[in-house]
Structure formats: structure tokens, C-alpha cells
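Chain nomenclature is as follows: A, B, C, D and E, assigned in order of appearance, with residue numbering initiated at 1 for each chain independently.
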């Protein structure tokens, strides 16, 4: 396989890889490698495509995969939204956002509806995503079979042959032993009726949002160097038995103290007196659904751009 | 090794009405574990049994009577010769050379075999043993159980014994269970090897009546009895076997008288 | 003179030592002062103290300098030095609830009681190589000082333990984005006020209130297992596990924790309820009055972590707790310790995991045994060759060589390995 | 459908190589159509260079093996992108300015269940998307599968129905298979991932 | 040794001219061979009963089985008997797909009538056959069961593999099968590692019947169990074989197992079939010296 690179003497690397942007943290050719891997991921929904994941200015396990996917997708005329556990202001989200904006020169946005690319850790925004938007989920462990069988060769064989019997046996054992499927976040799902995936540690509450979504969902695992995707309008079903309905996190009577919502994902804030104050995990959605006369917190209206 | 009789000749040997035609049957045993010596148990036997006929084999013990029966039932492999059988469908087969699977199927459907040498199946209730024979005949399970009940009553096995494992029964009871199994429905060919030897007089008479009754239903019977009285009562023909050959074949009374030298073990 | 020749050996060793000593002083840069080590390489100092299990920033910085930055060497030096110190008394049990927090974060709760105190951490600082030219350093420090404006006083400034004013953080208010301000609540990016008693309520108490925890308290309060006096063996109580973890080498702990993540039995991972870095008072009983007197303060990192019990033989309705505490600011070590404390508890204290935690994670032991391979082994090797030749003789059918008259190895006098002069 | 090259060699090279912001924009449009088979989008064209070359150039570098089935554009492409050239049966990316024959299609690497990522990606030039007035050279495909809410239609001009029959067969044992990107001269693009089930709508009038 | 009229193909392992016409065999195997090591022609010579060894003098390869022919019909159980090392388990593992055969054709017809050449299937297809067409009960339960999983879970494994997705139906099917194999239902949710040897075999049997296989392979199912437990398992096995129309191959070194479960049997020695016949005929009138030896040892 001869290469013509020998003829490239006079062409500098810059022309090939684009001018190194002053704040570059991720070179152009690495972006192309991620893009090529993502093309396969979209064409084979749910298959974990191995890709040349590179170290980022955030530690492995802190979003290096999501960052590479976002940087490969985002353009200067895009708006990026970055959340962690549903919060734009989370310290981790803030750090990632400033790295992305710094590198891509794109706009930043907290309103889900106005963002072109949304990078998130452990949550899918409450606001339904629209055609043209892309959700990038940070993934700690891409392999749903890790807790089922130890050998990685056997895991690959099971995916290649669509042989997930052992996974179903685990669910059966779970129900038999605990009366309920005790698998909490990162609930295994079947994509396009073919591949079982780990949807990243989103709560069960968010899993239905992946089914038949208008937006493209990209799941990127930097440490384990795998990227996989759920194209729009693709069937995503949580693995459950027909007669054991898929239940989501719900606490009777819990409602957000700020916006009163009881059908968004709420988290309990323990009070000194032992009671629990419930608040929306998706802080941006919450701030936009407050009764106008909410006196408790003075809404400062315009959200920082 | 003689050229195997082609099935065609057997066709001729088994006209309508004839059930069994043994032609040139020889049986040798090669005992590799001793020194490879060969025992010639049967040295060329010809024999027929018509439908409804009861041919009794007589002769001293060790003459090859049981061997002959076992060759017919294919428990023993025939060394040479043919064992023609005309089945209830009219097909003619050679039990000596028929493939094993076909023999297994045919035995169940067409041949009854009652012998004291049969080992009772372990841990099998009496009713189950007899019902299995019915199922092998092609009966449904329910039908087979009913037939087994009838057969067992006919040989005087009390209902209390039905759930009992056959292995724990007395010799006589086991023999009667075997008879019940062998005659659960009139087989095409019935092979009897000392069917009444272990029975007390009362049961002996009822079994002999049973056997006699089968003949009237067109069953071809080939039997081995030491009990001359039984032979006289049942047999339509007697074949005397001596030294692996047929010594005499004819009317029971004549043959027995001519061979009064037959030692009869009471 | 042979590697093993009595007289010659001494000369070789002395020559090697000279090389080391002269090497350390070579180079044009000025000698590294102890303060520079403690101030600029403070995390190296913290780590060595942890792994040598001796709290003495001063001695530890000496060890780091002497070891020229080699972590294992520094740990070895400090451990050996520790052996020269007599053990005069035992401190009173330390109540970790008294920890005066410099930094305290919880992964399990968004707003833990007493709020998240981010404090000084690299977690959210861009991990990019700083290529600022040396000459710009002065201006950079000046700007840093200016941006701080008022600077907090911070009490524990006595210099011997290596803390200078650089330890505090300027006020870093959460961005004025109203949507997040009230919801993030009391996110305090500010370092704990050094003098007021920064002592937020424990997340553990909250978990106990929710009655979700496996009850591991047995009511008794046994003397802790002293691994320096009684070597730890599988089956040893939890206190032995905790102290071995505290002395373990950080890299070994991290890798062993990571390895467990790939075993189906422990594939999931725990969630830290609390990660704290701060000061702990150390008290001993006054020899005369008999009541406890604070004699020192020790800076530690401790972690309390929670795991969703998901094995067939475990109570699925409960959560189990793991704990880890180590000297200095070494969060990755404390988190790994807590995780492994949990793993040992769940697998049983004579399980394979327990054995590995108790036996294989000590840096001084592991490295010592590894590097011992450099010791002469020619006696054993000669014997190995002998057996090989015997077997080969059998395989090739040549006359079996009697053990005694085995042909000696080629060139049978020990090889001359002179010190590299 | 090769454009007569009026550009100097150096100029051609410069135009093929896509600047980062261009290849990023092309890519977003590509994954838009790949994620929704039958959707048509458009990339910015560059005078004198076929759009299929432009789109493929934006994704090419030394780490991808490429086969360019066009004598005129082959050398400039490799000089401009530094991609690794290989023959059609081993290439990860195939760039076809002329319609691929069925034999060429069946010779492509399809990967297997253990390595779907080895399946080839074909950038094929087409004359249009159902623009031909009389629909003469047009094939209407019925696509279903991920990305489509039920069935969707895509008319493609310039590729014979047999080509799509062969594609359907090549992608029959999913996840092995080939992903197809279609590029019209005016820069419009569409794509058919291997996950799409393809059938050809029989034209009403005659064969 | 003089050969009887029946010097037919079944004796001394010569291949039958064509599969017996009568029944549609569930499995018809011709020329099955497995060689560990050099699989060339050279390895064959010098191995087999006549040479008293399976190790090839030329190449040192182990000819574990060679030229093995057998057929088994629906509803029938075929016995394969021989001492350890005779190649009987190797034959079974090749049929089961646990090991690739070196040679031979294996024609399989399920009770739906569709036919496959097992030896031409890919490993993936072979594994799919093991879900609902061919089941195996191993001598060592650990090969057939997942020890940490409950008895019910182990039976659920093939059901879920076959696509069962209703928990209630899976549980009742598992319960029904475990009851049929006399496993106490109160213990169906305990991990099988806590079960006795006999009970583990009963769970294995329940699991093997989960998807109504067309062919059941039993590899020394009761070896290693103490007599009374073995008897229970054998009675269960006999009942199941009689009730269902499954074709079965029973590998054993124990004639009482063969006698109880099978109608026909083949005898293997040093990798070759030395005799084939009806089970009662082999016991009463064994032809081959090795068969006579086995019968004498078993029957005395």
C-alpha cells in the first residue's frame, strides 16, 4: 500500500491539519478520527466502535470522551450547553464548558432548546430535544456486560451474535431475589432490536427519552476508547420482561420547592431537621418553569449569555 | 459363509397364512475370552409356523431350543440362514439380517416373547411393565394401562401387586407378568420359553388356557416346554431338536411316542 | 575484585557512594532548600509521609530531596529513619469528627449538610501544560497577589509543617447566574476559614438517619491491630486492613482498585459520601494529670464511601460503608482505600482480596523485593544450569551426567563485575 | 462526470484540502443525512472540484485507507489529504466519481459481526435526487430502519437499480455491511447506512 | 475369528452403504473423526483396536475417534459404550459442537423436519443449535450450569436465549420442568452450587429439556453419583425419554445405564466402533472380543 505522503515535503503540517488555533487542545486530525468512528456508530446503532481516544485537559473518567466528541462536532456558529447531574453551573460542567468555548469559539447556552450540541454527564435534559440537536453523553463504562461475564472476548462474542441470554438471566435472578429489578442508573437497553448498550449512568427516569428521539445521541467513553450512537427515530427499549413494567424513580408527594414540578427528575436535599427538600435536577428547566410571582428567590430574569 | 438367501425366495417360503419360515439356520458362538473356541449351537434348522399353529420345540436341554427362539427374536445374531417373517401388513422380512432399528420397531409391534431369562427392568411397577408392552404395540398410554389391567387379571396377578416393582416378585409372579406383557394384545408371532415352569398348578392351568386361546385368535406360537403334558395340550406340531438339528417334526402324539426316550424334567 | 569478593566489594561500594554523593551536588542550579521542597513539591512530601506512615513534613522533605524525587527511595529513607525513633507513648483515639476541614466535597449529595466546600483542588482546573516563559513569572505572581485583594489570615501558619500563606484561596464566588445561584445553594468555593472551626456535620449521620446503612458497629471497641508489632495476615481484623491501606503505596492502591472494576463480582463502583482534607488534633494523656492534652495537629485526607450491595448473598435493601484515611492531601489514595476497605468487607477478611490488600500493596516491601533481583544470584543460577544440562542429557540420550561430575559452567570463576568507575 | 480541469495543480490541491471549519460544517450535514436516511442536505461546493471529492477530503488523513476511482482526481486527492492509498478491496473509504459496478460493490470490505467498523464507506457521485424530468435514469428507494419513522422514499439519479439490489444483499447480514454516501454535482448529499433496509419502488409504467 | 452372516457394515465400524431407509433419522453421522495433533492421513495408520492404541506411531497424534458411523431416530436412545479413553466422549463433544470434528458428515433433522449439515455450520450457528435443537447433560454439572445462578435461573437461560421475554411464563415453565425432574420447588431460587450432585444433574436435565430439543446428548449423566441417587436420576431419564419424542445418545462406561435407557448401542475401543447392535443382543451375544470383555466385566 504505497503512500503519496512522500510528495508532501513542501506542504506544512498546518495545511494538512489546519492552522493550530491558539487555544487548541484537540488537533484537527484527531477530530477527523472521532468523526469517522462516529459515522460507523451511527450506521451500526448501539455497536461500541473503538476509536483513538486521546488524553484531554480533563482527567480520564471526568469527561475526556464527551469532550472529544463535542469538539469533533461543534462549529464556531453553534451553541454548546454543558451540564453535570443536570446542572449548568456544576463545577465539572463549568470547567468543560470553558474548555469547549475556548477551543471552538462557539456560543454557550443554558437553555436546552437553544443549544445545538449538549454535552451531559448522567442526565438527559427535561426539555424534549429537537431535530438537528445532538446530545453527547459522557460514559464511564461502555460495556453493559461487564457485570455479567468477566472475559472481554466473551463479551464481544455475545454482542457479535446478539446472544444476551446471560443478561436476561441476571434480570430474572434480580426479580426472583429482590421482587423488583434493582438495577438503578445505567439501565441496559436494547437498541434497534440488536445491540444491548449501557446508556451511561442516567437515571431510569431518562431512559424512555432515548427511544425514537428527534435528536442524535452520541455516547462517548474516553477512558475505554469506545464511541456509540443512537440515531434519531431509533427503537431503544430498556431490558425488561413483558410482564414486569419498567418503573422510574418516583417519590410520592415529592415536588420541586422552586417550580412545583412533580414530573421531572427530583433530587432530595437533606435538611438539618431530617426532612427532605426536593429540587429539580435540571436547574435550567426549573428556572424557566417557575410561577411568575415566585417571591422566594428573586429571578434575575436574563440568564447570563 | 453361504450366500445370503435373497428376500425373493423368502417370498416363496412365506405363502399367505404362514407367519414364520426358518431356513438353514446355523448359530455358532466364538468365545474370545476362553481361547477363541467356537461352539456350534445350531447346525442348519428349517422350520415353519403357520398362523394359528402352535409349534412346540422338544428335546434335551442344551439341544439349542432356547437358542433357536433367541435367534428368531434377534437377541442372538444368526450365523447363517434366514428367518423369514410375514408381518401383519403382509410384508416379508428376514429377521436375521434386518437392520437393528427396524427389528426394534417390529419386535414391539408384532412379536411377543416370554422367557424366564428375561431380566425384569429395575424399579419398574408391574402395571408399568405390562403397559409399556402395550405402548410398544402402538397403544396410547391410557389404552395401554387398561389393556395391562385386563392382561394382569387374566394371569391372576392381584391388583395390590400392580404398583409393586417387578424385581421383588416371586419367580412365578414374574413369569406371569411376562406372559401378561407378551400377550397384552395378540401378537403376530408369540415366542414362549418355558412359560409355566415356575407356576403352581392353578396358575399353570389358567396360563395354558390363555395360550391355547391365543392360537384360536390366529397367533402363530413357537414354544419350548419341558412339560410334555403342556405340549400335548397345546401343540399342533412338535419339533424335536437334538444336537442343534431338527430330529423329528410332526403330530405331537406320534412324535412324543416315537421319542419316548425324551427325558422329561418334571 | 569480584562482585562478592570481601575486600574488593567495599571499595566498589564506597566508589559507588561517592558517585551518588557527587552526582547529587552536581549541576549549576543552587541547592534545593527544604522550604522549596515543602512549598513547591508539597504533594510529593504528603505522599511520602503517607507511605512511610510517619507525620513529619520536615523529615519527609529531606527524604524527597535526598532521594532526588524518587518516591520509593524517599519512602524507604523515611521508613528506615522511623525505625531509629523510640515509641514513647500511644496517642488517644482520634475522633475523626473533629477534623477541621480545608476542603470537603460529597458526590452522593448535591447539598450535603454544611455544603460542598470546594477548597484547593486541581479537579476543575484545566489540565494543560503551562508553557509560561520563566521571565513572566514575576509579573504573574504580582497579578495573583493583586487579584486576591484582601487575603485571609490563616492560623496554622507555623512554618515547620511547611504551610505558608500560599495555602489559602482567594474568594471565588459562584457566577451570578441566577438560575443556578439559588439552586446550587451554598456552594462554597472558598477555602474553609482557617481559624473558625470549620466542622460541617457528617454525611454518615445523615445516612444513619435514613436507616439505609448496613450496621457494622459491633458495640465493642477492640484495641487496633498494630501491623508494625504483629505482621498482618489474612483473617486479621478491619483495623489491620485500614492500617495496611494507610501505609500502602498510592499507585498500587489505584491499580488494585481499578483492576477490581473489571471483575463481574465487583464491576459497579461505590459513591463517595464525603471526601475531606483538613487538620486532626492529636492528644496524649498527660503523664502527671492523666487527662488528654493536644500535642499536635496532623493534616489528613479521609473518605467515606457507599456501595449499593448487589450480590446474591447480600441484603439488597442496604448500603455498605467503606472508610479510608491517610496523611497529607492525597485524595486518590483515600478514595481507593475506602473502596478497598469495602471490597475486603464484602469479600470477607480472609478472601483473596483481603490477602492482596494485606500483603501486596506496601511500596517498601514490593519494591524491595523487586530490586533485590539485582543482588548476586550466581550460586542459584549455577544450580539451575546444572539441572538444565541434566535434563538435556536425558532428552538427547547422552550419558546421564552424574550430579557430582557435572561439567562446571563455562569460565567458571565468577565474572569480574567491577563498580562502574 | 469529471469536470475538465482548468485549475493549476497547486490550486486544485489547495481547493481539495478542506479548512477545519469547512470539514466541520460538511460533517454536521453528513451525520444529519446519515442519521435520517432519505433526508437530503447540501454542502458548500468549490468551483472546479466535484463535491464528492470535497466531502471525502474533509474526512481523510493518513490514518484512513482510501481508494479514489478516478484517474484525474486520484493524485491531487492523496497529495491534498495525505491519506493512505490502497486498492478497492481493502479501502475504508471509496470515492467514486463514476457509478460503481455491482462487481466493485461486492468486492468491498464489509467487516464482520466482530468488527463491523471494518465495513467500507462509499462516497458515490450521482447525477441528482429524482430531478430528472422524465425520471428516466432515476431509481426510487424505499428505506426503513433506524432514522426513519416507518418508511421513507429517496429517489437517486445516476445509479442503476441493480446497484441498490447489490447493496441490499451486501448489507443483508448486518452488522457487517457498507455505508453509502451519495453526492450530487450541486452539493446535495444523502446517505444510506447499512442499518437501513432497502427496497426499490417498481415504476408504474412498464419495466 | 469367523464372521457370522452378519459381517455387515455395523461390525468393525465399516461405513453403511447408505443411511438405513426406514426412519427419518434425527441424526445420521458418517465417518466422524477427531485427531489431536497432526491431522494428516499419516496419523491414522497404526491406531485402533487392532493396534491397541489411539496414539499414532508415525506422528504421535492422538486419533481420539475415527470412521465413526451412527444413526439415532426420534424417540429412540442410542447407547455408546466403552472404557475411558475409548473416544466415546469425544464423539459426543463433536456432535454437541463443543469441539470441531476433524472429519465426518453429521446430518441433523429436527422434529420440524428441517435438515442441517452440523459439520458445515459456523461456530455461531452451532451455538444457536444448542439453544433449542441439541441439548447436552454433562457428567460434570459445572459444564452445563452456572453455579452462582439459581436452579430456576439456569433453566431460564435457554428459555431467554430462545426469546422468552415474559417473566411469569419463564418462571412457570422453569417450575414445571424442575417439578418434572423432581427438584424441590422450595429450593428453585437457591444457587445451584448449594445443590447435591444428584440434584445438580436433575437441574441440568430440566435445563436441557427447556426448549423441547430434537436431540439430547447425555455424557455419563450418573457417573460419580452414589448408587441410590444415580438410580433416581436414571429412572427420571427413562421416564422422560419414554414420554417425549426426543432422540437421545447416552454415553456411558456402565452397562446397566445402557441397558436401562437404550434400545441400540455401539461399542467403542481406541477411537473406533468395534460393534453395533441391539442392546439386548450385545449383552447376550457380543461378537467382538472387546465387547465380550466388557459384558463379562459387567455381567460376570
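Assume a residue touches a chain if its C-beta (ideal position, glycine included) is under 8 Å from a C-beta of that chain, and two chains touch if they have at least 3 such contacts.
None of these values were measured; they are calculated from a predicted model.
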Shared interface partners, meaning chains that touch chain A and chain D: none
Note: chains that touch chain C and chain D both are A
Which two chains meet at the most C-beta pairs? A-D
Report the inter-centroid distance (CA atoms only) between chain C and chain E in whole Å. 58
Taking each chain's centre as its mean C-alpha position, how far apart are chain A and chain C in Å? 34
Measuring centre to centre with CA averages, how many angstrom lie between chain D and chain E? 53
Using the average of all C-alpha atoms in each chain as its centre, how far is it in Å between chain B and chain D? 81
Contacts with two or more other chains, residues of chain C listed in rising order: 312
Can you list the chain E residues in contact with two or more other chains? 124
Where chain A touches two or more other chains at once, by residue number: 160-161, 173, 177
Of all residues in chain A, those that touch chain D in their complex: 1-5, 7-8, 11, 15-19, 21, 28-29, 31-33, 35-40, 42-45, 47, 49-50, 52, 72-76, 132, 134, 156-157, 160-161, 192, 194, 212, 216, 231-235
Seen from chain A, its contact residues with chain C in the complex are 25, 56-59, 62, 85, 87-92, 94-95, 98-99, 110, 140-141, 146-150, 173, 177-178, 182, 184, 258, 267, 269-270, 272, 274, 279-280, 283-284, 286-287, 297-301, 303-304
Where on chain C is chain A touching in the complex? 109-113, 118, 123-128, 174-185, 187, 189, 201, 206, 209, 261-264, 267-269, 308, 310, 312, 316
Okay, in this complex, where on chain B does chain E touch? 1-2, 4, 28-33, 36, 38, 70, 74-81, 96-97, 99-105, 121-123, 132, 135
As the complex stands, chain D meets chain A at residues 13-14, 17, 19-21, 23-25, 27-28, 30-32, 34-36, 58-65, 75, 78-79, 81-82, 84-86, 90, 92, 112-114, 116-117, 119, 121, 145-149, 174-175, 177, 179, 193-195
